[in-house]
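One chain, chain A, links the two complexes that follow: it is found with chain B in the first and with chain C in the second.
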Partner chain A sequence: MSEAIVTVGDRPIREVNKEIKAALAEGNTVTVRDTRSRHNLGVGLPEGSHLKFEGSVGYYCGGLNNGAHIEVERNVGWSVGEAMASGEILVNGYAGMSAGAAMLGGLLHIRGDAGPRCGVAMKGGDILVEGKIGYLSGFMAHAGRIIALGGAAGACADSLWGGEVWVAGPIESLGVDSKVVEPEPEEIASVEELLAGRGLADGSRDWQKIVSAQRLWHFESRDASAWLMI
Partner chain B sequence: MCGIAGRILNASGKVGADLVSLMEAQRHRGADSTGFALYGRPLDSGYIVRAMSPNREALSVDLSTFEDILRQHGSDFVSDPTWDDSTTAHVSVRMIIKDPKDFAAWSHEADSISERIEIQSVGRSLEIVKDVGGAEEVAEKHGVRDFIGTHGLGHARLATESSVSPTASHPFWARPFPDIAIVHNGQITDYYTWREVLEQRGYRFMTYNDSELIAVWISDQMSKGLTQAQALEKSISEIDGVFTYLISNTETMGFAKDRWAIKPLVAIEEHGEMAVATEEQAVRMIYTGEHDIINYDGPSMTKTWRIDSLREAA
Partner chain C sequence: MADDLKTPYEYPFPAPSEDAVAMVDGGVPDRPAGVPSSYDRGDSVSWTPESISEIHALSRLGRYQIRGFNSFNHRLPTFDDLTFVPATMTRLPLEGYRESCDTKTVLGGGSGMVEKPLELDIPIYIASMSFGALSASAKAALGYGASKVGTLTCTGEGGMLTDERRASKTLVYQMTPSRYMLDLEHLRMADAIELVVGQGAKPGTGGLLLGMKVSERVAGMRSLPLGVDQRSTVRHPDFLGADDMQVKIEELREATDYQVPIFLKMGATRPRYDVAIAAKAGVDVIVVDGAEGGTGASPELLLNHTGIPTISAIRAAREALDDCGMSGKVSLVAAGGIRTGTDAAKCLALGADAVMIGTASMIALGCNSPRYFDDYAALGTSPGKCHHCHTGLCPVGVATQEPELEERVDVAAASERVARYLTAMTMEITLLAKACGKSSVHNLEVEDLRALSMQASAFTGVKMAGIDKVYSW
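Here is the complex of A and B:
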């Protein structure tokens, strides 16, 4: 496999993305340079793509991912991997708001902290955050797993519909209609297996598994006051 | 969706050019109108007045009425007013005036002809320049790039709640407090409730823009003795909506973010200087290469940067 280099600079993003796709189609591993925190880079890439962004990228990087392996050297802006179906995205720094929004499958691995609403409306796959997940993380998620090794900010798993939020470390507060349950040994084994595969094995973690309390599943308007956060 | 920005230099410099770059990088967030709040070297006495008249043809008549009101309040023009030489019907005017005897009383009376000449800022240092169009267009028309100063704010507007017009553009001056300006990204959902309360307290609104409400609300709080930093803090629990706004005066710049953490804010602070904006790619127009980025992403956040201490730290 040969290596190709694509430079972003101040070029139109559509042109850059076309060049990325063309280089990947030729079987290259692509390194993207001079990224300048610009938006919409590397969207909708297919299986077998290997792509690395130098520096930081802006919003929606790796969105609609369809099997590509994407790495970002530093930070990402809003909604990295939005609606990703499969593949893997590794962010070495901080991920802005709504990381993995509406994700369907695959793995989003964030080595730093994640901003508010990480995994919002998530429908499948795994989000692994080595740092802390932000305010309202897991908001209205339907399925999938969010795993945070460095704790969670306020309103964690607010209005969780389905899926799971796993937190090692302190949780500032739980959101509405979510509850902490005792995980089964085989569930812990599954989470630890994922972590071991990422070089993060540590049997001593004290897990809090959060799931939906399912009261919102049968919403009655007369109960509306129970859901007002403030 | 709108884009906001702030810039602090550690010494007087091309703050206008930096703010144009910050806004040009965020033009996709809204190009209905663009505006700047610029802080130059403060006058020892007197004020710089920035104003807009909807009718270029009637400008000389309107300016003489404005002058009459100034004289009634013990003030006057220090030099002849200047204005943009474009062909648009509306015209932006810059005036330097002597201190009125009672600033608030003069400001109140001057606003009585706001349909002819609407004051957009008054300050020893502050000058608000705003117009319809994108950053490039507004900067070109009003010579913003040439502005020398220490700090300032920028705004790119995508109108969501009220009309697009030169006067409904941001920034907004916190009348009648000299040198205070705000820029805002968001929507204020209890706008009419607050507007009614503030009108009953005697405040005037020049537009139906919800961001003007923040400026007026801040004025009300400061008239009750709150500092800018205290007012920022209080706005989070008192004003409803999704918002991130920046506020500045001659000595400080600050921001407040709502309880929902919806609107982002990103900063790079280095060597006693600072650039802050809605989007990271904007601050990177000022600081090229790799830098430590601060993401103010959480809920209910405020911060105040001191212009003086930044200068001292440099």
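Here is the complex of A and C:
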């Protein structure tokens, strides 16, 4: 596979993405330079694409991804990997708000911290954050796993429908209708296997697995006090 | 806060039975507490059967009431508060029975950003209603009926149904805050994308689908646990304000390669400002859904007490676009309580480029039709007054996920009814347009209307009949 270089600078994003797609179509591995934290870089890329963004990128990097492998050298803005169905996104720095929002599948790996609402409305796949996840992470997620190695800020896993939030490290507070449960050994093995695959093997982690308490799944008059909170 | 869940207050006596709370003792089965028809009407201005039954219902449920259909607030004006003033001496009419009147409607062609604007044969289309709220057979029938007359349907919140994509020649894919099963593949199969920030029935609040309708298929499409009372988010997961939405719109254009228009649907609350901001955010089509807008399920108070009337919203929205120089660049669609071609023509005259019908199209499918009387009775209702979409037990199969009920929508016949109804509505619009001397339905204008009440004039800026002046607009 040959390598191609695309330079962003102050060019129109439409032109940049067109050039990225053309280079990918020729079977290149693409390196994107001078990214200047621009928004909407690498949106809706074809399956099997490989590309790397130098520096930092803005909002929606790798949005609607369906099978591309994307690496960002530094930080990402809001909603990295939004609605990703498959593929892999690696962020070497920090992520802003709503990382992996409404994600359906694939893997989003953030080496630093993730901002608020990480994995909000998530429907599947895995979000792995080596640092801490921000407040309201996992808000109203349906399925999938959010794994945070550096703890969680407030209202963690608020109003989960389903899915799991795994936290190693302190949790500032749990969100409404979520509860910490004891993970099964095979579930821990599955999480550790994912981590080992990312070079993060460490058998000594003290996991807290958070799931929906299912109190807000149904309208019930006896839960009127819970109702006042949503 | 979450701790409140773990430490409920305990009475110093045993918990009452649910029957006792519901005041079943001494009652009769056909006059249950909490239903207006169980009560006789007295003279109190405050304590009417409606308000008394409401309190009995709330004190039983411990939550707000939920129902489908649309507003029961009789203070809302209707389209009947406006009348047309056709050509007479100052203007020349066209031959209503003979001459042609153009009904072609283009949505999303004004910005020059979009490769494939939507070209419709008529200025009416079918509103976004989800599979989930509606049955698969109802969705398919709407798709076929709309396709026959050259217009579009919209997916609604529940994701893209294969039956509907097959049935509907032109399909708008709705992107609600909940994003049920939204992915790139479906986006690229759509002819347009609609970002939803609100709806007329319950502006400021997310979608609602009660557990009875969250069937295996619906739950699968929405990746929800089977049978949960689904209460959707109202804020989008990946942006907050209008400036962020502008970036989101660019993302959607990138993902769909600038091929399809982007719609934005809002409930009518402050359209003069909301529409201006939406236009600035860069959408191609703005859908303003008035307070009369319908729904499959909503907290009742939001249906009755939020939003502004459709007729007033259209005028404010059009003026906003005019003021921003965006008329012609952004298309304006009006919705909410539109029943006939006459209502639709009034919307066009007030400033809409097209109208969207939801409940009316359900009624064409068979909603509230006089048959299956026992099944209506089992819901405590009857044809003509049924608003029980939320129960999932729709007697005519339109708003249900029960297989045996769903079969009551004969797809072939229902498709044909929808097609004929849309055709009839279009004829009604052209008849009025021609009477007003217009060779295109899009030439209808505010001057073609007069208001029949000061209130309607004040709501719309339409001149009062008689004095020919606008009441304080």
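FYI, the second predicted complex is superposed on the first by the 220 of 230 C-alpha atoms of A that agree within 3 Å, B and C clash if a C-alpha of one lies under 4 Å from a C-alpha of the other, contacts with A are read in each partner's own complex, and residues count from 1 in each chain.
Everything that follows uses one rule, which is that a contact is a pair of C-beta atoms (placed from the backbone, for glycine too) under 8 Å apart; a residue touches a chain by one contact, two chains touch by 3 or more.
Being a predicted model, the structure only gives us computed values, none of them experimental.
In the superposition on chain A, A:78 makes contact with both chain B and chain C.
Once the two complexes are laid over each other on the shared chain, residue contacts for A:40 go to chain C alone; chain B is not touched. After overlaying the two complexes on the shared chain, residue contacts for A:153 are found with chain B alone; chain C is out of touch. Touched residues of chain A, counted separately for chain B and chain C, are more numerous for C.
Once chain A of one complex is fitted onto chain A of the other, the partner contacts of A:166 are absent, as it touches neither chain B nor chain C. In the three-chain superposition model, chain A touches both chain B and chain C at residues 39, 58-59, 78, 117, 230. Across the complex, chain A meets chain C through its residues 13-14, 17, 39-40, 43-44, 58-60, 63-66, 78-79, 82-83, 85, 98, 101-102, 104, 117, 120-121, 123-124, 139-140, 142-143, 161-162, 173-178, 213-215, 217-219, 221-227, 229-230. Contact residues of chain B toward chain A in the complex are 259, 261, 264, 279-281, 284, 290, 293, 295, 297-299. Looking at the complex, you find that chain C touches chain A at residues 1-2, 4-5, 8, 60-63, 66, 177-185, 187, 210-211, 222-225, 228-229, 231, 233, 237-239, 244, 247-248, 250-251, 253-256, 258. Residues of chain A touching chain B in their complex: 36-39, 55-56, 58-59, 74-75, 77-78, 94, 96-97, 115-117, 134-136, 153-154, 230.
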